[in-house]
Amino acid sequence: MSILVNSETRLIVQGITGREGSFHTGQMVEYGTKVVGGVTPGGAGKEVHGVPVFNTVRDAVAATRANTSIIYVPAPFAPDAIYEAVDAGIPLVICITENIPTLEMTKVYQHVKQSSSRLIGPNCPGLITPGEAKVGIMPGFINKPGGPVGLVSRSGTLTYEVVNALTEAGLGQTTAVGIGGDPIIGTSFVDVLELFQNDAATEAIVMIGEIGGTDEEVAAQYIAEHVTKPVVGFIAGRTAPPGKQMGHAGAIISGGRGTAAEKMTALTAAGVQVADRPAQVAELMAAVLN
Amino acid sequence: MNIHEYQAAKIFASHGIPINAGIVCTSPDEVAKAAQELGQAVVIKAQVHSGGRGKAGGVKVARDPEQARSASEQIFGLDIRGHIVHKVLVAPAVDIKREIYLGVTIDRAARGVTIMASSEGGVEIEEVAATAPEKIHREVADPLLGLHPYQARRLAFDLGIEPPLVNGFARVAQQLYTAFIQSDASLAEINPLAIVGDGSWQALDSKMVIDNNGLYRHKDFEELRDPEEEVATEIEARASGISFVKLDGDIGCVVNGAGLSMATMDAIKLYGGEPANFLDVGGGASASQVAKALEIVLSDKNVRAILINIFGGITRGDEVAHGLLEAFNTIKLEVPLVVRLVGTNQKEGREILAEAGITTVDTMNEAAERVVAAAKQAA
Amino acid sequence: MSILVNSETRLIVQGITGREGSFHTGQMVEYGTKVVGGVTPGGAGKEVHGVPVFNTVRDAVAATRANTSIIYVPAPFAPDAIYEAVDAGIPLVICITENIPTLEMTKVYQHVKQSSSRLIGPNCPGLITPGEAKVGIMPGFINKPGGPVGLVSRSGTLTYEVVNALTEAGLGQTTAVGIGGDPIIGTSFVDVLELFQNDAATEAIVMIGEIGGTDEEVAAQYIAEHVTKPVVGFIAGRTAPPGKQMGHAGAIISGGRGTAAEKMTALTAAGVQVADRPAQVAELMAAVLN
Amino acid sequence: MNIHEYQAAKIFASHGIPINAGIVCTSPDEVAKAAQELGQAVVIKAQVHSGGRGKAGGVKVARDPEQARSASEQIFGLDIRGHIVHKVLVAPAVDIKREIYLGVTIDRAARGVTIMASSEGGVEIEEVAATAPEKIHREVADPLLGLHPYQARRLAFDLGIEPPLVNGFARVAQQLYTAFIQSDASLAEINPLAIVGDGSWQALDSKMVIDNNGLYRHKDFEELRDPEEEVATEIEARASGISFVKLDGDIGCVVNGAGLSMATMDAIKLYGGEPANFLDVGGGASASQVAKALEIVLSDKNVRAILINIFGGITRGDEVAHGLLEAFNTIKLEVPLVVRLVGTNQKEGREILAEAGITTVDTMNEAAERVVAAAKQAA
């Protein structure tokens, strides 16, 4: 078992003929992900790594019965790509693109929320169910299939670091989900925690947060109330200087919260074991599972 | 991107907000001339990308041109939270009847935009939030419909503004919201928004921060950048697609990924060191990016040791190793270096570096421990 | 029994201090409708026909526990009034205002659809449950309480005409609903037909349509599939010249439909008895109920 | 509100749509001069608020100024579906490679705005809808988010437009949508949108209808009104808040409410008569409104009898009766009149009218029957 992606995933790649899209399509195909199609306006009839290209998501879905889409188009065009995927009724949409203007994302978020689709990202590394499907840009070779650990993270390379440590400690993963580091993202910690809580194969959860915002605090409260499985956490940015990213009003909105210390306190209070260093996550997890 | 008060005021005015228009000056002579032109008592305000300028002595009132000149002499060159004053804004002093705080910002928790108002105008809003949070009123705007007029009016009623002044306040609130949206801002603030002598509303201070991700659709904002306000290396880094923030420590960091960068800084601190910077080379970690990153880090004379921490995901370790060697061809390294290289083809990568006499370490902890020791030794 | 409004209705009037709002507040209070409050920005503390005035809908709801709002504000401000009522969570919002720009209404409709509120109108005469509550501008004296006829109409005075005829024929009404004549309205024939179908006290339904659009055709289909109670219909505009209101594209959108003849054919095919003249509605209804 | 092709073209151009710009002329001399100025073959198009001008001879091509002059002589004064040609547009004749129909309209069924495109450009779209509906492609825009670029492109792919021309088409589609929205239009049409000689897109005809309810926020559109195109009485009626549409029959109608007005017309027809107009006096049916309405109806010389049908709802019957009497004080009535007055205080109202010698009838049927008989007698 796993969450969100697996061997039933039928993936289309939006922006498949672009540099990033084409490269990662190759990587995903090589990993064994079922990449059934790609979309590039005007690209119909082409093939990329053996994957057929369509002009529109509608055409791609009609021809391939795709149930997942991944977006590798540049920031100015990424919101349109998300709308196209969501409006075509694709249940799971992952947006890798970084640097999308935040105000665009407030609109996208609102639209997605009112749809039947789930958006992961933007500015995320995607997700992977080891041995079944790699959807995004995560390196597949560091993962170990079969669980029992589910992982959710706001960070990219830091996630690889932790996955690597888990694998080296002999701990496999059900699914690793990178939810993205932007202020407005489609899927939050809480959403993924809920999925892991309901996934029979996931016995314990790793949650990797960062400074900024209050999503970790919200997640801590959710864990305290709804998650019965053990959770190990890590928060990056304990030494980051405050106020480098957001001005006055931002600090107020978060009610003075958002620092690593506050997040760690909230998680600890919720029963989460919080690691000091990424590698320690694997140590704590090994202890938890014994 | 931070911009100056006078720049934000110009944007606000273009959206119809009544502002207390002034004259930007770069010398006491200009200040005296400006005061002469305005022909009345003036307020002289330091133009720096920092709050707290009032407390720092960056704001002074003057009755006449000569007083303005001498007041400005005390402001020019001031260091306000690390920002040196090069420019001041000279504006007419006004008769303030009441002061309101009005701000628009991205609200991560609401996944939208929130407008806030407080009857404690003129005070730093963090103080109000800490001491009297009930005095801050909020309205979350619908991302698709915008701030409704009824919400703007409701803020006015919440603040206890008298009926004849409600529509004027609501108009400014909507104009500020529109300025925020149309500028791709992450913050737009008027503090204070004042009722002045004749009973009208006037913005006495203007603040705006632009979302860097939105800058591509506001080419005209590039000219608002003030090179005097930015660290030269940060500008250089941005041009290369590198995220770089200068800090006060002595251990330079070159890392791929923001989260891993922060975790690396945390590890350095954990072993008793002080990071000299945050640096994310970005995706790919190509040879030229790594070379550029090293160059930027080395331009900081405080740096006593360098930690390179690369997790080769999609990028292969041997490529990264070749990139590093290339970089060392052009850069003469005079401080100790610790390299940690893991991920795809880590073995091949490490072998390549070993042949070139560069030893690598396995774990982040080991790397942090070593670099801290090296920096201490070099001190 | 009845639909939408009754003796439990706790009504607030938005725009209560205006000419229309004030006049009709008096009329509604006189009829016995529970008008619990009114809203006019800056009007807090005033009273209109004994009804307290508030600055905002939020304040009015907090003070009065209102469950229905009626809007009498001029067209340029009416959409904002609807948003204010809907966002305050009022379950039933009636907008009397005419001449709201159609494009504004496309936005309002979308927002209301995603809320938990129901909007009736705009450009409608409101609704009445005889003997219990009159909400809007319909003349109350022509109605006869107690049912068994439910009435839904796109028209104003034409509705009064039919109600009058029903009453004169001794046929009472459960509720009479004027849904409004604008191109984009909050509540359609189908919505009201469903309510009447589920209302035990309503034994038969009168539906009064007009030329333009295809709402009557959609209603005919709904009646054929879901309405078991007898329906008597009337369509105004059989002699209206075509093309006086909408240009080319409008005609195409409706697939060539929208004429009175087409609407009457559709209704007849759905088993609706269609009257030739307004007065005949009462005759047909009397026959149906015997 | 209908506007002319050249006016719509100007609005379209202001949104960036490439149009085939021409010169508006009101005389054959001006046409010759315009053709001279353009210095090439021209197309001369009647500017009337009506479709079907091509079939009616309202569009002609001319090779030179003299040919243009004589061609325009045949167009000026033409009656196109009841519209007399007073103006023509003289535009450069272009080399058309392909023609597309593109239109944006309010979509009642979708409760939104729909953009439609057909590969059968240049043909009346109703014909395409009737004969080959599958050739019309549609995209419903989200009212809050607008027409997405992907939707505009999808239309292009549906039309089979070759990839190099897709983005250009999509741009025009989005510009037309934006022009529609920002003008509060109920229709915006380009027919044909053509690929011309050099392979670029060009709008060869422009059509736009403005939503009357939106006019209050487009004060500048008032100047687009063409008094020559409107029935004088309809303009007069609008100014008084009366809805009035002139028809061809001989029975004048004064009714309160649009639905009741239509039902009244239907009843007249049912009894073998022909209504001379649709008229809704609007809410209240005040004395002055009724007087104005009577005046407007009587200005139609075809009118042989008048039916006044008022349902007194909120307005009381006695008030309406007083209003009618007041109206008759200023208007000399020379045609038979049938009054039906029901609703609140109908008894009192009828008594007042009876005292003044005006008899009233009870039902709409009776009223229709009587007025038809009266009109026939007067014929």
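The letters A, B, C and D name the chains in turn, as written, and every chain counts its residues from 1.
Here, a contact is a pair of C-beta atoms (placed from the backbone, for glycine too) under 8 Å apart; a residue touches a chain by one contact, two chains touch by 3 or more.
What you are looking at is a predicted structure, and each value in this text was computed from that prediction instead of being measured.
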item: Mutual neighbours - chains that touch chain C and chain D alike; value: B
item: A-B compared against A-D, more contacting pairs; value: A-B
item: Chain centre separation (chain A, chain D; CA means) in Å; value: 54
item: For chain A paired with chain B, centre-to-centre distance based on mean C-alpha positions, whole Å; value: 28
item: Where chain A and chain C are represented by their mean Cα positions, the distance between them in whole Å; value: 48
item: Contacts with two or more other chains, residues of chain A listed in rising order; value: 107, 111
item: Sites on chain D at which at least two other chains make contact; value: 142, 144-145
item: Chain-level touch network, classified as line, ring, star, complete or other; value: other
item: Complex contacts: residues of chain C adjacent to chain D; value: 23-24, 27, 75-76, 99-103, 106-107, 109-111, 137-139, 141-142, 153-161, 164, 181, 183-184, 208, 210-215, 218, 234, 236-241, 244, 246-256, 260, 276-279
item: Chain C partner contacts - residues on chain D that touch it in the complex; value: 51, 103-109, 111-114, 116, 124-126, 129-130, 133, 136, 142-144, 181, 184, 186-187, 189, 207, 209, 211-214, 216-217, 245, 247, 255-260, 262-263, 265-270, 275, 278, 283, 311-314, 342-344, 363-365
item: Of all residues in chain C, those that touch chain B in their complex; value: 41-42, 44, 55-59, 77, 80-81, 83-84, 87, 107, 111
item: In the complex with chain B, residue positions of chain D that touch it; value: 144-145
item: Footprint of chain A on chain D - complex, ascending; value: 142, 145, 148-150, 153-154, 157, 163-164, 166-167
